[in-house]
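We just call them A, B, C and D in the order they show up, numbering each chain from 1.
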Amino acid sequence: MNRLFLPAEAPVDAALRGFALAHPGLVRLHEDPLYVTARDRHPGRRVGLLSGGGSGHEPLHAGFVGRGMLDAAVPGRVFASPHNRQVYEASRAVAGEDGVLHVVKNYTGDRINFGIAAERLRADGIPVRRVLVDDDLATDDAETATGRRGTGATVVVEKLLGGAADAGLGLDELAEAGAAFAAASRSIAVAARAQTAPGRGGEAFELVDGEIEYGVGIHGERAARTVERPDFEDLVDRMTQQVLDALTDASDTVLLLVNGLGATTLLELYAVHDRVRHVLGERGVSVAGQLVGTFVPALDMSGFSVTVTSLRENWLDWWHAPALTPAFPVSETAR
Amino acid sequence: MTVTVDQEKVLRTYAEAARTAHDALTALDQLSGDGDFGDNLREGLDGVEAGLDARPGEAPFAVAAGVFLDEVGGTSGPLIGLLFQEVGRALAAHGDGREGWAAGVREGLAAIQRVGEAEPGDRTMVDALAPARDALDGGAGFADAARAALAGARATADIRARRGRASYVGERALGAPDPGATGVALLFWSLARVAEPDADLGSVADAVGWPAAS
Amino acid sequence: MNRLFLPAEAPVDAALRGFALAHPGLVRLHEDPLYVTARDRHPGRRVGLLSGGGSGHEPLHAGFVGRGMLDAAVPGRVFASPHNRQVYEASRAVAGEDGVLHVVKNYTGDRINFGIAAERLRADGIPVRRVLVDDDLATDDAETATGRRGTGATVVVEKLLGGAADAGLGLDELAEAGAAFAAASRSIAVAARAQTAPGRGGEAFELVDGEIEYGVGIHGERAARTVERPDFEDLVDRMTQQVLDALTDASDTVLLLVNGLGATTLLELYAVHDRVRHVLGERGVSVAGQLVGTFVPALDMSGFSVTVTSLRENWLDWWHAPALTPAFPVSETAR
Amino acid sequence: MTVTVDQEKVLRTYAEAARTAHDALTALDQLSGDGDFGDNLREGLDGVEAGLDARPGEAPFAVAAGVFLDEVGGTSGPLIGLLFQEVGRALAAHGDGREGWAAGVREGLAAIQRVGEAEPGDRTMVDALAPARDALDGGAGFADAARAALAGARATADIRARRGRASYVGERALGAPDPGATGVALLFWSLARVAEPDADLGSVADAVGWPAAS
């Protein structure tokens, strides 16, 4: 049984049209090739900020297009990288006086397609750099050449970069700042039910009763480990401890993201948040900003992730800098 | 000496070679991948010929780069597009001769490696490009560069899967060369055919060398 | 298999704590009895606005507490009415010089408990009136004394009332305006998978392959009709037509809500929105404001609803009036 | 005449009656509901007695209203709390006599009907309250009002389910009275016991009248 309500033809195109119709004051749609750009831009911004990747992770990335965050977002098909031409043309459309910065989640397809676009831009004389987001602890294995996957931290990196770009940083400074944001961020995710497999319907993988996937990705890859389901409190404690332990240079002030993977309700996410805060409090970590909600899902998977970004001096100004986008909570910027 | 090479003729020769080699390239990608490489290369070069016909005034490799970067599918399409882009830029900068080609291949390979992150020995088109670059950088002529590229492509038949996408191939593809390396070697074969028509290079079938003549 | 990630003890209390910790600048938590209030309030507001109901519909209602919308929200347990004491004390806390207005979704339990609280407030000399939201077309049956259920339109009514309250309307004017908002709103909902039954886990009801529930409610009641699943386009067209046909005094300018029921992704909701807009365009209806997202879910049900509110003169000012809450999209008010 | 009735004594008598009737009320709610009515009423009135002990200076029915509105579960708890609230307000306004009680029951029933939207004949506590109100409004004394309430409650045994929650009950509960109506009738029984100790009203068991004496 396919539970997804999507048109048979070109679902991503339809969704992006519906998205642009929902936010006419904030974004502009470009149909061929497919991408969206922000209608408004801080006058101090010298570098265009662009991100993109496979669809099925909404509101990422298009929901974060707008003044204060991304200048453009480029969607691929569900769980598939966008074409380099989309990235290339969107980049040309939003490049600033000091070029364009690509925010790329660490997946082979995205690396190649963004990389090709970057080569084309360089050939055109447009300066371009890349920030690679690779926060997922489940793939933190020195053996694999591919490195950690990019997951929830993307929204944190995009917000911080938006604030930094509006502060007038140049391309190289911005690329270095972005690399530092990503390096200071780690995540871990669990799932109690797989997402719907987009093509055939049905669940992408089966879970045995009473077990959960520990360390699941956002494309429905199974986790490396299927574990017996712990208590709610034990599970959240373990995830939070693992993330904190991995941030070797953890400062005592952090940004926190409690992220739904699709079908997990706000009731659950807020309860998780309450427990994560309890653990952070016990470890003496203070939280300077937090997001709780569905920001980087894996289609309609039941599960959630916890992301912590260890803050350095002056990052907080960029976090709280104004941002007006379809999906970034204004309450994080309005105080 | 300043041998200049007719860019458009190289591309049309390459298109003809891709049509001839289509079935062999398809078979190679069926062994080690998803079977679309023959289609991707042939349709891409057909598109380039159409572009050359439609916009005769434009620089041929710029036209070819646009088609491969914008329209050709698969991993190989945009990577070959990058090669065309850099060759086009280098020929414009250094002239249509050996110097220009040496610079273009060097820059193109660098771009492909920046983007695709493959090293020689990973069983990709890099295994045809790297020997060709080395030959041209070392002062070799076009026919020798083509021989180096073809030999590099042929040698991928003996590469055991090590990492990345090559690791999925396993035993099954051993003995058959990498389709992308083979397809890119045909560019050098075409270049040599145009630049040094008297050189002894053999036919497209000889160049592909697979299935091995019985 | 229970897919919900919730503590075994007092999950709603935990979630509301986590909610208040996530939005410290906007809301204040009251733990006994349980409710939240807004930290800020328009100085021109003379009437306190309060809503509440069973939990499992987040972000409703707590997510709409803040300047420009609700002054307080009162959560019951999952799918159960709050206790009258919560409503009574929260109402006392936020009543204005001209009393307090209750926004109540039409369910027996909510009617009784809000009604009892209203009697207590009256006994204390605090003026109180009620706006009943009853938009669900699936229960539009002259036979039943209970009337139509209250569903998605609640968020529309709460936003319009917030704008009207900030414009300084008195209690009676506001109650009449609220009744008019509700009367001008109709909804219909479909589901392709039931929500998780909170107690036992597992799906609350089973659907046969290739069928959907047409006219489902937000507490996991089955719909009156299980129908063969139509094409995406046919389904959305039928729903939209039904809602438009039911608004007998449909003006040619409307507010539109495309609402997810829990597990339905933004990708889907935006694609639905695109199609609804197509149908509205064909009928010559113009859309003056729209919400697309998960605003009034039924826990983690897979499905969506379409709500249309037929606009009268000057309602649009109230729709676009500033609102700063955890969940109402600022883009609807920022243009 | 100005008979004043000791409010606290009425409530303590009612609490004692609820303890005595607990098992019968539980059985009645098991037949037509979820079986918690006996608990709700007894524990609520125990709480009222504790409140009266703890805050002897306060108006007894205000104490009772607070307990039932804030702490007692089930549909009946807060509804009875509303009755207490209105009785308390009326006794404060019109004195502790018949006038005060008549006004309090009238206002209390009106509030219960505003909130619960039940009409007489729906098989709810309204079926005990409405006859009592009519009796008091018509000038009757406390004993007659109690007889009217008890008769009204008893008559619910013959009411066929028609709508609302009553409609779920069906045949099963026919012959047994509504627990809420019965429980509320005991308030009037207690009131009459205190105000007119010599009136012939029978025991709590007689008042409940169920299970019918064999």
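Observations, loosely collected:
Convention: contacts are C-beta pairs under 8 Å (C-beta built on N, C-alpha and C of every residue); 3 or more make two chains touch, one makes a residue touch a chain.
Quantities reported herein were computed from a predicted structural model and do not represent experimental measurements.
Setting chain C aside while every other chain stays in place, the touching chains sort into these groups: A, B | D. Shared contacts of chain A and chain B, meaning chains that touch the two of them, come down to nothing at all. Between chain B and chain D, the centres computed from C-alpha atoms are 94 Å apart. Inter-chain spacing, taken between the CA centroids of chain B and chain C, is 61 Å. Computed from the mean C-alpha positions, the centre of chain C lies at a distance of 37 Å from the centre of chain D.
Judged by the touch criterion defined above, the protein chains link up one after another in an open path, with no loop closing it. Annotation, chain-chain contacts: A-B, A-C, C-D (touch as defined at the top). Considering their complex, residues 1-8, 11-12, 14-19, 21-23, 25-26, 55-56, 58-59, 63, 66, 78, 192-193, 207, 209-210, 231-233, 235, 262-275, 277, 290-292, 294, 297, 299-300, 302-304, 324-326, 329-331, 334-335 of chain A touch chain C.
Contact residues of chain B toward chain A in the complex are 69-70, 75, 78-79, 81-82, 85-86, 89, 111, 114-117, 163-164. For chain C in complex with chain D, the residues that touch the partner chain are 84-85, 88, 108, 111-113, 115-116, 118-120, 123, 145.
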